[in-house]
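Shared between the two complexes below is chain A, which has chain B as its partner in the first and chain C in the second.
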Partner chain A sequence: MTNDTRTDDRRSDDTTAERSGLSRRGLFGLVGAGVVGGAVGFGIDRVITPEASASGAAAVYPFYGEHQAGIVTPAQDRLHFAAFDVGAIGREELAELLADWSYAANRMTAGLGAGEFGAASGPYDSPPDDTGEALDLPPAGLTITFGFGPTLFDDRFGLASKRPAALIDLPHFPGDALVDGLVGGDLCIQACSDDPQVAVHAIRNLSRIAFGRASLRWSQLGFGRTSSTTRAQATPRNLFGFKDGTANLRAEDTAKVDSQVWVADDGGWMAGGSYLVSRKIRMTIETWDRASLREQERVVGRTKGEGAPLSGGTEFTEPDFALAGRGDAPLIDEAAHVRLAHPGSNGGAAMLRRGYNFVDGNDELGRLNAGLFFICFQSDPREQFVPIQLKLARNDAMNEYLRHVGSGIFAVPAGASAGRPIGAGLFD
Partner chain B sequence: MTSRRPRMAAALGAGVLAALVLSGCVANDPQAEGSAALSVDSSGTECAVSESTAPSGNVVFTVSNSGDAVTEFYLLADDGLRIVGEVENIGPGIERDLVVQARPGDYFTVCKPGMLGAGVGKTAFTVTDSGKDFELGGDLEAQVDAANANYSSYVKDQVENLVTGTESFAAAYTAGDDDLARSLYAPTRVFWERIETVAESFGDLDPSMDLREADLEEGQDWTGWHAIEKDLWPAEAEAGFTAYTPEKRAALAERLVSDTDSLYASVQDLEFTLDQQANGAIGLLDEVATGKVTGEEEFWSHTDHWDFQANIDGASVLYAGIRDILLEKDEELAAQLDEEFAELQSLLDAQRVGDGFALYTELSDDEIRAFSDQVNALGEPLSRLTGVLVL
Partner chain C sequence: MTNDTRTDDRRSDDTTAERSGLSRRGLFGLVGAGVVGGAVGFGIDRVITPEASASGAAAVYPFYGEHQAGIVTPAQDRLHFAAFDVGAIGREELAELLADWSYAANRMTAGLGAGEFGAASGPYDSPPDDTGEALDLPPAGLTITFGFGPTLFDDRFGLASKRPAALIDLPHFPGDALVDGLVGGDLCIQACSDDPQVAVHAIRNLSRIAFGRASLRWSQLGFGRTSSTTRAQATPRNLFGFKDGTANLRAEDTAKVDSQVWVADDGGWMAGGSYLVSRKIRMTIETWDRASLREQERVVGRTKGEGAPLSGGTEFTEPDFALAGRGDAPLIDEAAHVRLAHPGSNGGAAMLRRGYNFVDGNDELGRLNAGLFFICFQSDPREQFVPIQLKLARNDAMNEYLRHVGSGIFAVPAGASAGRPIGAGLFD
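Right after this comes the complex of A and B.
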């Protein structure tokens, strides 16, 4: 057995949830970024550089920590995102569900099975407590991130007084074409990994654990990250073929991350948490592909190859929105996406974007059902996502090629620790 | 659907095709191009072209701006004045291609950092005879002028019809003659949809006249055609929808009439360049692809077929106006566009009922699919039109 593949061996199980959680928590403070390599419990933890984690199947990100993993964690290549409706259960059962999810998430992110026996052992007359498709697979950088939707704070669980003011109901944005079945949810889970099977395995087992307490409302697979969340990662491309997320907040921008991503210490039970907004954005790639290179670059405001702003320079050159070309027209169009989304056009507001490309087969017209599953994290969506999206929805030249069909907003609490599951602050 | 030939040819540049035909074999190197590729370094003081000569045919100048001002690159005719090809607005550090179809002869290359003055590094450039056969006869400038004049007249004529049609529609709606108003709705909107890309270019009029309910932001007043559409076809509206008051009707009708008058005034002095006309045709087909073929434009009246036909009318007029120019540059593309336009029209004709069309909700899934496929079949070759014409 190598130390980077998953196992259902009981010996490994002994080393997981409680004891190693503490020790890894200690390590967390040491390495700062929260990236810890090597399988849990073998004593030789090592720091994995972001470069290594991009291809390193052995990368492990601890589930326990000050903040939940899967936010400033170097964006993995694959996503399985799921929103759940909580069934007819009470407050205590909800707390129990979150504790069970935390237990399983802590195990799975360490490369173990969802339950104590695993997929291939345990009582012979019982179904295995893990579904098994991730047996022999390394953790592949799996992170599991939990969030709470506005509807969780209605009168069902006595949580109304706990609803944070920032957990608003998102307004209708101009052009929204939301589909009922792709909107909202009481709970959400974002599972990211460099191996799609590992991410799917996580959602599958967590939804199995929830049966009878919560059920899937909608879910989304993503196959190519469209943002970089650390400086070491190259900027990937979205399905328009353009680099996406060049100006994204990065883990290294600690001051900005502290002010723009994490909820401050005075944020009550949400302190150390963040707010997640998800938008399923269908791209009408057929018409986009028929647009001239001139039009495509005008809409984005950057060159397609290098990703440089049209005002000049290279990818990471700050755009010069005032620089004019022929006829005194600005080189970066007034309606260009990069101009409208830029923090300078939004009072300094920025978000940590963590979106993924998707292709859900094709629609009934034979067009690829393709687009961007947009995910962003921020300390207050009222100051960040909402005003920025309102500006984009009104004026962005890109709207001609986009359609927002799904939407969600979730309060993502601080990280769990041994004995304190995700969301424990809700029930204090 | 009769047209089922492979369309890969449409994706290949004309230059690539020519090279394959000439060499008579399949290129081994997928990077190999049929075009002459040259690089241009535009600094603050120099305009260094990698070669001083190129064979006739497609010539690609990849212009890099190594200076610190916005630059432009020109290929000038032998008189050093007439512009054969240009690429502008190249920011510092940016690279952009100029692709021209160059005939044998003497030229000049020149860069214009800062976009001012006579430029720098003006150098003689020679295009040798490669033996490639292409004819650019006729007086292109006169043809472009004629196309421009014709399209300007067309736009004005359509808006005139829109003005009178809207007045009748508004009068019927205000008077509460809903049957008459409903019967005038789609046939009047046709005049808008035919020139939709032009009408949309007036940033304040379009949202006032043609906004769909989903396009509103919270608290925004809804005016224009679709606000009235919903009131005229209330059976399709959400539960609890109440009919507009006579006052609201009058206000909406008045606003629509005055907006249409503003549009009329705005189009009187419009002029259209060749690429604007080609892009207009492409834009109208995009309107079909994103709004009409999905039945979302006329959410309550389901009269999308009228809009569909009108968008195609407008695109056909634009195409017809520049078809002569295209014939000289790329006969094959013209033939393909002729065929795909006709194919799409035959699908539309099959939906005609009396003076109008079947409602969009009466279409079967297969029929909608056939429309969508044919819009794509026309859209791909149409998207090459601008590139071919301005080459």
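Right after this comes the complex of A and C.
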């Protein structure tokens, strides 16, 4: 009988105890309904907790932890973000999907294949349990971060009572030009890595595992992170050519991170989690590129080269919004982005921004379809993203050069641990 | 008068002698018709020939040279490729555009801004002559490679007699599913770099300089080069998860490169050039991912892990197409990709492949819009790409998992030099 132990284990649908690999449905996703045979393999789950290393291709961030990785983790250079619609499954199958995803994410962030056998071994007459394009690649700092959209808490899964008050439906913001197919989602996955092939590999394999249970609603690739999340990182530039995220929250600001990023422990299932808001913001870069250097700096409120506030100093000098120049006009315009977005203008509210630049080819008029895929994390979007964005949407001089076309809000639960997949608190 | 010298120089439209910067039309592109004032700057051109360094972010490849860079140059990790339609301009303006592009490409490949002043200085009431998103970034091996499509040789520019015989209109291949907006182009630019933001910056600034003269027809971002072009590079993997380009021509194969990549010197303007064929090949990866490991390896003709031919050995062992296994069936299937694409099956014809993986989000059915942006260089597509692709399109077992949706063919002239922009031979 010992030879059959593994097959027996695979048939177990227990989603809360230590996992023995992908669920039967997860394996169905890999091979197609009706094809699963006894020869399909599975893995014994184990706690994969490599040491987090400094940076570069060798960087490894453990999937298990108090908080999910990919939030205060030093921002990697590449993004593949995906939103999913859950199909016609029930509550138990949803829990199973999250357990399968946690199992595979725990492996992939450690540089392993999504399944036990990997892309190039295992039963020869079954599809490999990993797609293979990352076979020779180190994880390059891969993080996989899961979130739950408001629609997950409708009546399909019996989760209505679990919907956190902070997981609001985002209001309409002035000027919004949202495109149906780029909004919402029951689930989201943010995959970040310094190698785009590694991030793509993660989303692809998680999509594959979800086959028949959840399908891609929209997805976005990004590059050139637009915010630093630690002090060691230089401030990158967005596609307006300006440094972006100079005043961002950093991992080192632990008190602020605790109050502004992580959800406090009130006994609820979101303790230790955070809320993610994403906005796909198309930049009308051809118009921006026609604006004078003076206009560009007025709009941003900082110098283009150094990124110093127009009130003087260097990049990290605190802006002096009261300082006036010629004709008593403030040196930093009343409508400048830096003024309106500043915590001082928003009752101290800040967010951890973690966005990426994107270029999705060009439109039919020959204009680059380019901009910023904005991502932010916060403890309560009602106090942070929403009021700040309302103010920006009404007054920001930058609006002339922006169009918000995509939007999402997701509850990002605390980290997983061995035997306790992402979102297990939903089902307690 | 000395104070006015620069302005006077800027007004010169001389496109063959040493350039003094962007043409008047090039500057118009930057600031919009009617806005150019005397205050807009320009640069004195100079030969920028940094030492080519080994690799990484510090790698610099000179723009000037016998051949254009970006062909036998060690394949960088990221691609931004763009095809352009030329607008309602004449022969002289076309020459001027190519001179402007050469001027800016010479600067950007050296890590400088597209124009003299750069993104953050220059006249404060004019738009910066560079967009700025690469301000703090090293060139990361940036190469910018220009090509001319068949339509450039129609009757608009008096170039019909200059059309090379090898610059054919590509035939229809069996199974082609080409999409209008992804085919053709009067001009193309291939920008490769190890940093996507640097490649995007190059295409964006060249598009900007072309404003009013040429506009984007289609464009493509890519990552994870799918071929090595030097022996020092490990063989990368495509989105089928297989190593791709094991048998590719390499820069070190100088005799083969001379005969199969570079156009011989027959006194024509294409001597020292090459022909680029691009194909946007969508992979139906969800179907592929359902195929067994056996089927995947049969289709490719190699093992998935090591990339060894199914006739045995290791990655670089020459395939033995005659070797038979059980039932006298050849170990490498008659329809295997490796068999049909092999030079031995094509009269010795080979190509220098230089493609990239792409993921352009997902389609409405939730499938990743992903695949291979295939690029190859050759001395004569009539003898190389066309017969090989005809054979593949008819017989390749891989076709079941592929769909060719985009296509282009471009004459890539020899390299530029100081005072002799790209394509100067067209106008001699």
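Here is the rule we use: the second predicted complex is superposed on the first by the 372 of 428 C-alpha atoms of A that agree within 3 Å, B and C clash if a C-alpha of one lies under 4 Å from a C-alpha of the other, contacts with A are read in each partner's own complex, and residues count from 1 in each chain.
The rule is simple: a contact is a pair of C-beta atoms (placed from the backbone, for glycine too) under 8 Å apart; a residue touches a chain by one contact, two chains touch by 3 or more.
None of these values were measured; they are calculated from a predicted model.
**Q** Once the structures are superposed on A, label A:Arg290 by its partner contacts, choosing first (chain B), second (chain C), both or neither.
**A** Touch partners of A:Arg290: chain B and chain C.
**Q** Return first, second, both or neither, reflecting whether A:Arg204 touches chain B, chain C, both chains, or no partner chain.
**A** Second partner only, chain C.
**Q** Give one of first, second, both or neither to describe whether A:Pro174 is in contact with chain B, with chain C, with both, or with none.
**A** Touch status of A:Pro174: first partner only.
**Q** Looking only at contacts as defined up top, I'd like to know whether chain B or chain C touches more of chain A.
**A** Answer, by number of touched residues of chain A: C.
**Q** Counting only touches as set out at the top, which of chain B and chain C does A:Glu364 meet: first, second, both, neither?
**A** Both partners.
**Q** Which partner does A:Asn238 reach: the first (chain B), the second (chain C), both, or neither?
**A** Only chain C is touched by A:Asn238; chain B is not.
**Q** In the overlay, answer first, second, both or neither for which of chain B and chain C A:Thr317 touches.
**A** first
**Q** Of the partners chain B and chain C, which touch A:Ser219 in the superposed model: first, second, both, neither?
**A** second
**Q** Just to be sure I read the superposition right, which of the two partners does A:Thr303 touch: chain B = first, chain C = second, or both, or neither?
**A** both
**Q** Examine A:Ala119 and indicate which partner it touches, taking first as chain B and second as chain C; both and neither are also allowed.
**A** Once the two structures are laid over each other on A, A:Ala119 reaches chain C alone.
**Q** Which chain A residues lie in the overlap of the chain B contact set and the chain C contact set?
**A** In chain A, residues 286, 289-292, 303, 305-306, 364-367 are touched by chain B and also by chain C.
**Q** Chain B touches which residues of chain A in the complex?
**A** Chain A reaches chain B through residues 171-177, 284, 286-287, 289-292, 295, 303, 305-306, 308-314, 317, 323-326, 331, 364-367, 390, 393-394, 400.
**Q** Hey, which residues of chain B end up touching chain A in the complex?
**A** 65, 70, 72, 88-89, 91-96, 115, 214-218, 220, 279, 282, 286, 289-290, 293-294, 365, 368-369, 372-373, 376, 379-380, 382-383, 386-387
**Q** For chain C, which residues count as touching chain A in their complex?
**A** Of all residues in chain C, those touching chain A are 30-32, 35, 78, 80, 82, 85, 119-128, 130-136, 181, 195-197, 200, 203-204, 207-208, 211, 215-221, 223-224, 234, 237-242, 285-286, 289-294, 296, 303-306, 357, 359-362, 364-368, 370.
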